[in-house]
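Okay, got some structures for you below.
Shared between the two complexes below is subunit A, which has subunit B as its partner in the first and subunit C in the second.
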Partner chain A sequence: MPSNRQRQGAIAADPALVQALTRRLIYGAGLMVGVSLAAFLSLRALPGDFAEVLLTYQMAGEIPSQSALDRFRSEHGFDAPILMQYLRWMVAALTGDLGMSFRSGDPVIEELRLAVSATLWLTGVSFAVVLLGIPLGVIAALKAGGWWDRLLTGLAVVGMAIPNFWHALLFMLLFGLVLGWLPSSGYGTWAHVVLPALVIATSSVGVVARVVRRALIEQRQALYARTARSKGVAPLRVLTDHCLVNTAAPVLTVLGLQAARIFDGAIVVETVFGWPGLGRALAEAVLNRDFPMIQGAILVIGIAYVVINLLVDTAIALIDPRARASL
Partner chain B sequence: MSARVGLVLLGIAVVGAAVPWLAPHDPQAVDFLGRLQPPSATFPLGTDHMGRCVLSRLLHGLHVTPLAALVVVAVAAAVGTAIGLTAGLVGGRLDQFAMRVVDAVLIFPAFAVALAVSGILGIGLWSIVLALAGVHWADYARLSRNLAVVERGQAYVRAAEALGVSFGGVLVRRLLPAAVPHLVVLATYSLSWAILSFAGLSFLGLGAEPGTAEWGLMIAEARHHMRAHPLLIAAPGLAIVTVVLGLNLLGDALADPATRRRSPFSRPIKLRAAKQGDASCA
Partner chain C sequence: MRMTRCVAVGAAALLAGLLMVGASPPAVAEDGDETLVIGTMWESLPLSMTARRSRFFNESEILDTLVKMDFDMQLQPGLALSWSRPSPTQWVFELREDVVFHDGTPFDAAAAKHSLERVIDLLPYAADLLNIDTITAADTHALVIETNAPFAALPNQLTDAITGIYGAASFDADGAFVQPVGTGPWRFVEYNPQQNTIVERFDGYWGDLPDLAQIDYRYIPDHHARTIALEAGEIHLAANILPGDVERLSEEPAFAVFQAPSAGLYYAAFNAAADRPVGDARVRRALNLMVDRELIVAGALDGVGEPAWQFFRDSHDWVPQDLPSYAPDLDRAAELLAEAGYAQVDGRWQRDGEPLTLEILSYSSRTEMPLITEAMAALLSQQGVEVTIGLYTWPGMLDLVRQGDYDLSVVFWTPDMIGHPDLHLKSQFHSAAELNYQNWAHAGFDAAVDLGRTLDPGLDRDAAYREALTILHDEAVVMPLVFKVYVAAASSAVQGFRIHPSGFFYNFKEVGLGG
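Presenting the complex of A and B:
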């Protein structure tokens, strides 16, 4: 086994790694620009005209006259070239000004800050539960075909077929209302996190376990694993030092995909459980046509997932030298 | 085994959808005197908070969500496959660019993006269908591009190109048939994704119009009565699970090489005679 220092030396020296990470960083930066453009253009692409929508809102729903509208446009720079408007919007966004929420009248950035912290709590716990899929998958691979393996496959299949809003209601009904073990909705304590986090995680934990299982079975049958076993390396050692390391790339990839699915789940689950997170904020903003809030949510979600994707790719490149060429 | 279970589950759904007269009542018939009735001979699954027959609404729901999901999948598959096959066949810069765009679409949470897009387009059935297809085409583009790259080097494609078959001819008559079995597998999974997404959006109040016999909406409307009348949320939920589970099991079976060997899709694609010119479909 090479020592840690040797490993780090090898990483720093590998030009393929440096290239891969540089490519990813440039791509990530491009995506960030793309996300900001999408967020900016989303409101400019509204049916009608954003200046009109904004002024109508400010006048409490009254339809503005054409002259008032023209004045509003020139005052707020809506008559400037679109690129100029974008740059101005970017500067404002970077200094934390994303406009006011139509619904609450508060700054969008403040609403987002509260929502993001609530969502990070919930999705963080969900993700920790999803990570349980790794040991579950390892056990299933070691005892492939056994009852545990079949149970897990069943859980994965059913977990993917249950609509999460229905699942949320069933948990709320059973554990919240009938048994009374946990609060059926709300926010604030760890007891409130349990049900929504479990609902979100259920659809992903089985998927992760299945990917781990398949990758590990494949690796254990590989020639290098047989060689290691036949030359007398302890089976546990073969598993941890040889096979598990080689499953890292597919497992990290599926974990990255589940990070996106967890947020998808959070939208509905937060709404059902009254959790004041970003998912519920987005759903309510869409329902109430609160456009500045939709725009802010697009920006935050977009940037978050560009970063997550960058982290996943970096981790894969660090762990698996074979993947560097294709990143 | 899973294939059979899947087919049985889907069979139930298809029979239910094909025979609307199985529904004992008008799904929209409101009867406030007979609201929240328990199951009986007249109302096999009872009535909802507006006295409407739950079973009839469930059966009519088969015409809403699965149908909308079919449209989503058809649009996403058509657009994605066209882009993917073209990128894979042309190769080079175009291919790289297209795949970067596909990667970009796939890293974001699809449901969240669809929700935001439909928020911008305005609430309504078509904006939902467009939004869902708009995030889902990338899956088809990636799959069909990878298939096109593999098939591009095969003798039958090179032979067609050497014989002067046009670009469109190679794409439609050579690559597309080779891609179809893989696309069918993806389509079963993506149908179940679209059903879950559409029902989820309807549950949030963004999909089907209020009053429609749509499963997600039925669950949303029954929420406030679920403690006393759990059947009202259990029935539509089970309907969704039945269809989605059926599709997923069928997809698993189709993706399994053991099933594939017996399936009609797996026949090797025969080289067609050269005289059967392909220029017509360019």
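Presenting the complex of A and C:
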């Protein structure tokens, strides 16, 4: 096995890796265009006339006449081919102009900025909790078959099986009402972030722990690990320097997937806990047909997915040379 | 094994750390007794003069209207002390003196004119509702309003939240709305998007000063979360709690549950277009006779609601008292369906081999709406009518209703919102009404409504509206279902709280925090 230092040297000098990562970046950019197109087209594909919905909103709910509608369509380019409309929207989006929110009348980009910062706070803490799955999985692997392993597996299944909104209510009841340790809902202090973050994390922490456990058990049974142990390498060293490093690829992959899932979880959890983040902004926008806001939120979430995947792939490639070939 | 211990200790430390971070006490109001914290389901809206948000400015009494509605739904002086109609199209409002806006500027006829004109400019439908042609400040405290046509309901219409009076400081130099600056007992302090709105007592208020110093309207959209926040002591009052929580909280001495029957009505509006099965009035009457409203209230709402058999509560002289009831009568319903050409085959109603099928639309944002809709559909299905239910968002449902692709849409309105029948009869059922998506038109009804709105309160006016409402009832244009009972729960420290029957008025100026 090459040492860590040798491995790092190889990365810097590996033009194939640089090329592969560049290729992934280009794919990523293409994917973002795809996401933006989906965000744009999905709303246009809904039943009902997009221009009419917009104009009705502007007229405070009054039904516009046909002539007013025709004028509005031509003034705002809604009579242009759909691809042309997309290009215009995209060019504006690239300059940070995602339109104005129907509900607030404020720029969508400004609304998103506030919502994204609240969501990053929540998802960041959630992700930190999800990372607990790594040590928990390691313990389960080391104690495979023992009570700790069975307890963890049981908790993981429960965590995955109970839907987030139900978790949320149970946590509110337990920590907010029965124990009185934490505020049951709201936003603003560190105390407020704990419950929603735990709720989002519960469904993912078990998944991560199980993947870590399975991967580590496999690695510990591999021939190289047995060889190292028979050569007299300390068991701790075999674990940290050899086995754990080799579990990195599946663990990073699952962490990437769970990071993306955290954004999904935030939609329900933010609504239940009254957290003013991206998930709730999207839910409110959908309920109020705030089309510019929906498009903006889908775009941001889509980009987050693409970026997370890119980061995960890059990290795996850096750690595991075998993965570079598949980049 | 040292490794295992290290990992275990690390994990425990991280979890403990997270809990420690969160272990600070819940964020209850810091000012102690003087700040009332209320959990609401609506207040996520950005600051604006749109209809929904201005309703909040009115119900929280940041703004005052010229005319107000008391707890018996009778007109009361607001910023106007008295009003009269010297000619059919002219109204004169004598305004209160010694009233100041929250920024200290005086309130007078010019300020009222400026605010009303501003609202009419901004909200096109306000012009239709108010029928105002011109507004003139006749002297400092006399406001003269000319209406487009004789319009007796203007004082009632001026109780509507959208007519709340905004001071000039509500707008910036370019005339854009900034924040509500009114004359009410509560001054706007801050709005945190998606979180809360805070108001404080305005010591220059023209009426009796409130006891409370501050009110924090906290936005908790989830119905369960709102109740839990109340029980956990994070808020003092939870508005619109779930029917299922009413009995439980009523039994706990630490809480008080408030219930007030209201003018808010859940009803099913029929699509009376000729090509729909409910285009036939006999079918609409039969369906009305099939649905036991008592059962809906008891079964779906845990008793929190009042069965509704007609469009308005019968607390007004203009509501007909002797109409034939739509109380459940399955035999009569069967007769009516048979007259309309339907026959029962294997317990299901059909005509020409086609089952009687109803597309029912509704929306889920109101607490009781899905429960009521599903209960109504279940009762119809039990009587052999095929039903499909579509639950949408409010605008989503409205889209389908506008397209006419439905048989019943279950909606919630407050027909009695302004204490006058004109608003809803004219805007929902009149053949010329923009909101009439029911494809129902009746010349006699139109004439009675058009006449009623020109007449001053009195026997003639009452007779006109009784005639209109009789036609509405006989034609079974709607299926009234449940009069909403507004419910709120508060900690026992909250004193003096009452629910206003309109559902649009908190009246916190009479509320205190004791204990």
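In this text, the second predicted complex is superposed on the first by the 316 of 327 C-alpha atoms of A that agree within 3 Å, B and C clash if a C-alpha of one lies under 4 Å from a C-alpha of the other, contacts with A are read in each partner's own complex, and residues count from 1 in each chain.
Everything that follows uses one rule, which is that a contact is a pair of C-beta atoms (placed from the backbone, for glycine too) under 8 Å apart; a residue touches a chain by one contact, two chains touch by 3 or more.
Nothing here was measured: the structure is a model prediction, and the numbers come from that model.
> Subunit A superposed: clash or fit between subunit B and subunit C?
Superposition result for subunit B and subunit C: clash.
> Touch check for A:190: first (subunit B), second (subunit C), both, or neither?
A:190 contacts subunit C only, not subunit B.
> So, A:276: does it touch subunit B (first), subunit C (second), both, or neither?
In the superposition, A:276 touches subunit C alone.
> Can A:289 be said to touch subunit B (first), subunit C (second), both, or neither?
both
> After the superposition on A, what does A:154 contact: first (subunit B), second (subunit C), both or neither?
In the superposition, A:154 touches no partner, neither subunit B nor subunit C.
> Which chain, subunit B or subunit C, is in touch with more residues of subunit A?
C
> With the two structures laid over each other on chain A, which partner does A:146 touch: subunit B (first), subunit C (second), both, or neither?
It touches nothing on subunit B or subunit C.
> Per the contact definition in the header, classify A:239: touching subunit B only (first), subunit C only (second), both, or neither.
Only subunit C is touched by A:239; subunit B is not.
> After the superposition on A, what does A:173 contact: first (subunit B), second (subunit C), both or neither?
both
> Using the superposition described at the top, list the residues of subunit A that contact subunit B and also contact subunit C.
On subunit A, the overlap between the subunit B and subunit C contacts is residues 47, 169, 173, 177, 271, 286-287, 289.
> State the interface residues of subunit C toward subunit A in the complex, per the touch definition above.
The contact residues of subunit C facing subunit A are 2-4, 7-8, 10-11, 14-15, 18-19, 21-24, 26-27, 44-46, 48, 50-51, 122-125, 192-195, 218-222, 224-225, 228-229, 231-234, 365, 393-396, 399, 402, 434.
> Of all residues in subunit B, which touch subunit A in the complex?
Going by the criterion above, the answer is residues 2, 100, 104, 107-112, 115-116, 118-123, 192, 196, 199-200, 203-206, 216, 219-220, 223, 226-227, 230, 233, 236-237, 240-241, 244-245, 248-249, 252.
> Going by the contact rule at the top, pick out the subunit A residues touching subunit C in the complex.
Within the complex, subunit A contacts subunit C at residues 47-48, 59-63, 103-106, 111, 114, 125, 128-129, 132, 135-136, 138-139, 142-143, 168-169, 172-173, 175-177, 180-195, 197-198, 236, 239-240, 271-274, 276, 280-281, 284, 286-289.
> Name, in rising order, each residue of subunit A that touches subunit B in their complex.
Of all residues in subunit A, those touching subunit B are 27, 31, 34, 42-43, 45-47, 157-158, 160-166, 169-170, 173, 177-178, 256, 260-261, 263-264, 267-268, 271, 279, 282-283, 285-287, 289, 291, 294, 297-298, 301-302, 305-306, 308-309.
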